[in-house]
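Pasting the structures here.
You will see chain A twice below: alongside chain B first, and alongside chain C after that.
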Partner chain A sequence: MIKVSVPNMNVVPIVVKPVFEELGYEFIAPPKMSRKTIEEGAKYAPEFACFPLKAVLGDFILASRKGAEYLVIFGGTGPCRFGWYGSTLQIILKNLGIPAKVFVLDFPTEKWARDTFSILGINGSSVKKLIHSGLIALKKLRLIELAQELARKIRPFEVKIGESDKTLQKIYKIVDNENSFIRLMKMKNEIKLMFEGINKNSNHELIRIGLVGELYMCLQEELNMWTESKLGKLGAFVDRSAIGLWKYVTGDIGLNFAHRRAKRIAYPWLKWHAGGESIYSIGYSLIFERKGYDGVVHISPLGCMPEIVAQTIMEKCVNIPILNLVFDEHTGETGVNTRLEAFCDLLKLRKE
Partner chain B sequence: MVYYHSIMKIGIPRAGLYYQFFPLWDTFFKELGFEVVYSPPTNASLLKKGLEYAHSDICFPMKVNFGHVYWLKDKVDVLFVPRFISLEEKKYMCPKFMGLPDMLKASISNLPPLLDVNFNIRKKPFIRSWIEVGKRLRVSANKVKKALVKAEISQKSYQWNNLNGGDGLKIGIVARPYIIYDKYVSAELIDRLKEKGMNILTADNLIPEIINKEIAILKKPIYFDFGEKNVGTALHFLNSGEVDGFLYLISFECGPDSLLKEIIDDRARTSDIPYTTLVLDEHTEIAGILTRVEAFLDMIEYKSKTKFNL
Partner chain C sequence: MWLGVDVGSVSVDTVLINDKIEVFKSAYLLTAGMPIEAIKEGLRKSRDSVPVLGVGTTGSGRELAAVLTNADIVKNEITAHAIAAAHFVPDVRTVIEIGGQDSKIIILKDGIPVDFAMNTVCAAGTGSFLDHQAQRLGIPIEKFGQLALQSKSPARIAGRCTVFAESDMIHKQQLGYGIEDIIAGLCKSLVRNYLVNVAKGKPILPPIVFQGGVASNEGIRKALEEELGMKVFVPTYNKLMGAIGAAMLAKKVMKDKRKTSFRGFDICDMEFNTQSFICEDCPNTCEIVKISSNGKVLATWGSRCGKWDLSK
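Presenting the complex of A and B:
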């Protein structure tokens, strides 16, 4: 069986696993992202490449050491650099002497699309089964996003700090091991019950923070130093409605109405979507301001082209405090902690 | 809204894509009867203003651009800072160019009205963008079309005269137009090399067919404007041996170039044409750049004398 791997991106390995297994591949989950992944990637990646490329390269190197032959990544032809990742990674891996092939899910030309489908379908799995596994994948994604949403709501109130994070990890494991569609359908209540079981103390004042920024950096907790859960533990409700995998999938094809609204609100400030999440960063920050949130945390990797545009404009148009967190391979966790604590203190003081 | 009193002054910052399209822009606006005001060539004081107003993480040429706009803002009635989205079919400009007018509006206060017309060949041909420019300046579409014909002739007939008939070394330079032709940014590299009697070849001296032929080997087409041109030129230099060596100038934090450089590096590993990359930013010392260029040239000369190969 051909071994396939994907880069870490929050729960993506869990979600895409059933699809690849249905297609007849052996799925190899990349090792959990750690310092080693980042170091490995930063060593071989181009110097000024954006941080996600380095992290993905690290993932690919480690996954190929585990035996992966195909490394799958999305592509694109947008203005952001992400669409060119596949080609760059292939060149780097080739020069490192790693035989693994980078497989870009992307259709820039007709020939490319035909090749993609012919490689994907080598094992002749039926369309019906494929759709079934696709539905399982979507269901898993929805369940995990629900769990994350619940965790965000409970985190500021938990008595024993860190309990919701533990529950979340437990849920990841359960969802990962469950492959029956019917049982997945019933899991929603189970997840809700698990979070209801956490002890809460509800008598402290809540600050509300909106999270915006680049998709990959916001989702990959190891890269953004667990910003989201740290803010929660500092007593802030974090609204991550701006970013999410499901949102990304639906927003890209124009089905997400919240995204459309954000685009409309940001239009006076940025008249053209400059790739990535630039226009959503601005739009959702303005929405958070209108909703009366206390602050916005903006996360971006170093050298991200669209987010620099967004940052420049947000400084002018958003009238609530913004914390810009720019991450790269040299970012230390203590520095981030200090800034998050200071930001939360500032917001609490402003409220009084 | 823009009204014109006597002769309207149109400000064009001498930065960004000015260096690619100045024959066209200059002829176009002068043909329509406007006064065109250019900012002076980049200098240290302009750059200082740019650093003050631009975001600190943005690329060097953009900081320069901010400085030029700041210089122009009180001296003109309207600023020509279009939004370049796509210059060629199936290509995109870098996101910073897409957001440039908005970033300027957000960062610099008291700006005159901007002519932030979209130039997006994916959606509409450039002539319609120019008509929109004319519309905002209260000029009829017919006049715009007539002026544009003349402007395009002057753009096409402009000689990118870099070749210097001497018998020195032939050096290729690969870079984006706003780096290579901006004398301050590129440390007057072209002039300095010419003084030494060298022939210089840039992407603008090559015919597009050569570049397209080199690009055809890539599996996925490059979707960055200037990216294909630069990579094609570099690959042509490496494959054909038309030059004795070439320099690749990139600005710090240039997004597309940072990844496209890998293609050139990959090909250069198996080629015996010398090639070096110079990364430029606001902290670059001219002496440091010149030392590296001199060492590079010495190496080429040594190589041609001794037939030394690695």
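Presenting the complex of A and C:
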């Protein structure tokens, strides 16, 4: 059986697992992202490559050591330098003497369709089965995004700090091990009950922060030093409606109405995609301001051109405080903690 | 009395303030790589028989100081500095703080911080670099500023990076520039570096308060005033502002709490042991630090998963 792996990107390995298994591959989950992944990636990637590339490279190296032969990544023409990830990664892996092949999932083009169907043919999988596994994957994604949303709501109020993070990890495991569509359908209430069981302390003032920025950096908490969870523990409700896996998939083919709205709102300031998520960073920051949020946290990797464009425009058009956090493999956690804490203090003082 | 402890990268400052935020007793000590000893020594110097009603800690070593003193409030240095500056200069709009290893700018409006920035990767232009250069030139750091003021035509020094600044200084020395011109040039380039890298396009409006250890340096202060074209105010206790801010925060938080959790000044004579090890249970390989006293573990930190954290 051919062994396939994907990079860590929030919960992507959990979500895509049933599809690959249905297609007749053996799915190798990359090891949970850690210091080691980042170090491995940073060692072999070009120094000025974006941080996500280094992380993905680390994942691929570790996954290929576990035996993965096919490494699957989104990309193709891509919104920014991300479009080059597939080919860059392939060259780096080849130079390292790793025989694994990088497979780039692109927009549904003619070539893409041909490739996909040729894979189907080889492994004797049917379209019906594929759709079934696709639905399971979708359901898993929706369940996990629901759990993350609940965790974001409860985190500022938890009595025992860190409890919702633990619950979230538990849910990841349960969802990962469940492969029956019917039982997944029933899991929604179970997840809600798990979060309701957490002790809450409701009598303190809440500050509301919108999270915008580069997709991968916002989603992969190991790269952004757990910004979302730390802000929650500092007593802030973090709105991550600007970024999400489901949004990314639907937004890319123009089916997400919130994304369309953000683009429309950003239009007076940025008329066209400047690459990456730049237009959404601007649009959603303006939406957060209109909603009366207290502040915006903007996350980007070092040297990300689209986000630098967005940052400069945001300084001009957004009238609530913005905290710009730039990460690379050298970023120290203490500095990030100090900034997050100071930012939350600043927002609280402004409210008084 | 309210106690404030600011544990920075280079110095430990302790301060005792009274209800009117007047400094009653204070100490400024160099950490010299032994923060625990320095904190103990600082507390010994500001020890007093009057009861302490609350303790606040700040600075990069705030967690450590909080464990040692069992502080009532632990706050980041940005908030502490802003609060202290707004107390001494109520209409302050800009706070420039240059400390041992980091520099920051805080923009305030109506006494409330609205924006801030900190140096990111580069420590050029902070106290440690000035210290190092003063040592290399054989000048006591206290006289550094006065010497800079004597210069008539400052030399041009590259300020982008400390390594380049140093080689540029050596080059200028070899060309025969006077030492005061080199020092004045260094001050100028460090100020430029600060304005480009830290203040980066933030609106710098008067009144400006300049605090932190480097504010004691007249050369830097003059260079800052020339570069900005505005008067810069240095408070009397420029070095202690962080600690004063922490003490003020302790005073504020004790409004709701009745009794302080302060361990008492006896901690000056207590023995604290630190022990560090690397947890190999997962690929994160976190460095765990354990602080104990008399065989009792007071605190552990450093683990990402929370396995080693003590339950509070």
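Throughout what follows, the second predicted complex is superposed on the first by the 337 of 352 C-alpha atoms of A that agree within 3 Å, B and C clash if a C-alpha of one lies under 4 Å from a C-alpha of the other, contacts with A are read in each partner's own complex, and residues count from 1 in each chain.
Everything that follows uses one rule, which is that contacts are C-beta pairs under 8 Å (C-beta built on N, C-alpha and C of every residue); 3 or more make two chains touch, one makes a residue touch a chain.
Bear in mind the structure is a predicted one, so any value in this text is a computation, not a measurement.
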item: Superposition on chain A - do chain B and chain C clash or fit; value: fit
item: Contacts of A:214 with chain B and chain C, given as first, second, both or neither; value: neither
item: Vertex chain A angle, Cα centres of chain C and chain B, expressed to the nearest 10 degrees; value: 80
item: Chain B versus chain C as contact partner of A:303, first or second or both or neither; value: first
item: Partner chain(s) touched by A:326 [first = chain B, second = chain C, both, neither]; value: both
item: Partner chain in contact with A:342 - chain B first, chain C second, else both or neither; value: second
item: Which of chain B and chain C A:228 touches, first, second, both or neither; value: neither
item: Contacts of A:350 with chain B and chain C, given as first, second, both or neither; value: second
item: Which superposed partner A:271 touches (first chain B, second chain C, both, neither); value: first
item: Which of chain B and chain C A:35 touches, first, second, both or neither; value: second
item: Partner, of chain C and chain B, that touches more residues belonging to chain A; value: B
item: Overlay on chain A, chain C to chain B nearest C-alpha distance, Å; value: 7
item: Chain A positions touched by chain B in one structure and by chain C in the second; value: 315, 326
item: Residues on chain A engaged by chain B in the complex (per definition of touch); value: 46-50, 53, 75, 77-81, 83-88, 91-92, 94-95, 104, 106, 108-109, 112, 269-276, 278, 302-303, 305-306, 308-309, 311-313, 315-317, 326
item: In the complex with chain C, residue positions of chain A that touch it; value: 31-32, 34-37, 162, 315, 321, 326, 330, 334-335, 337-339, 341-343, 345-346, 349-350, 352
item: Residues on chain B engaged by chain A in the complex (per definition of touch); value: 54-55, 57-58, 83, 85, 90, 92-96, 98-99, 101-103, 106-107, 116, 118, 218-224, 252-256, 258-263, 266, 269, 279
item: Of chain C, residues touching chain A in the complex; value: 60, 75-79, 112-116, 118, 120-121, 201, 282-285, 306
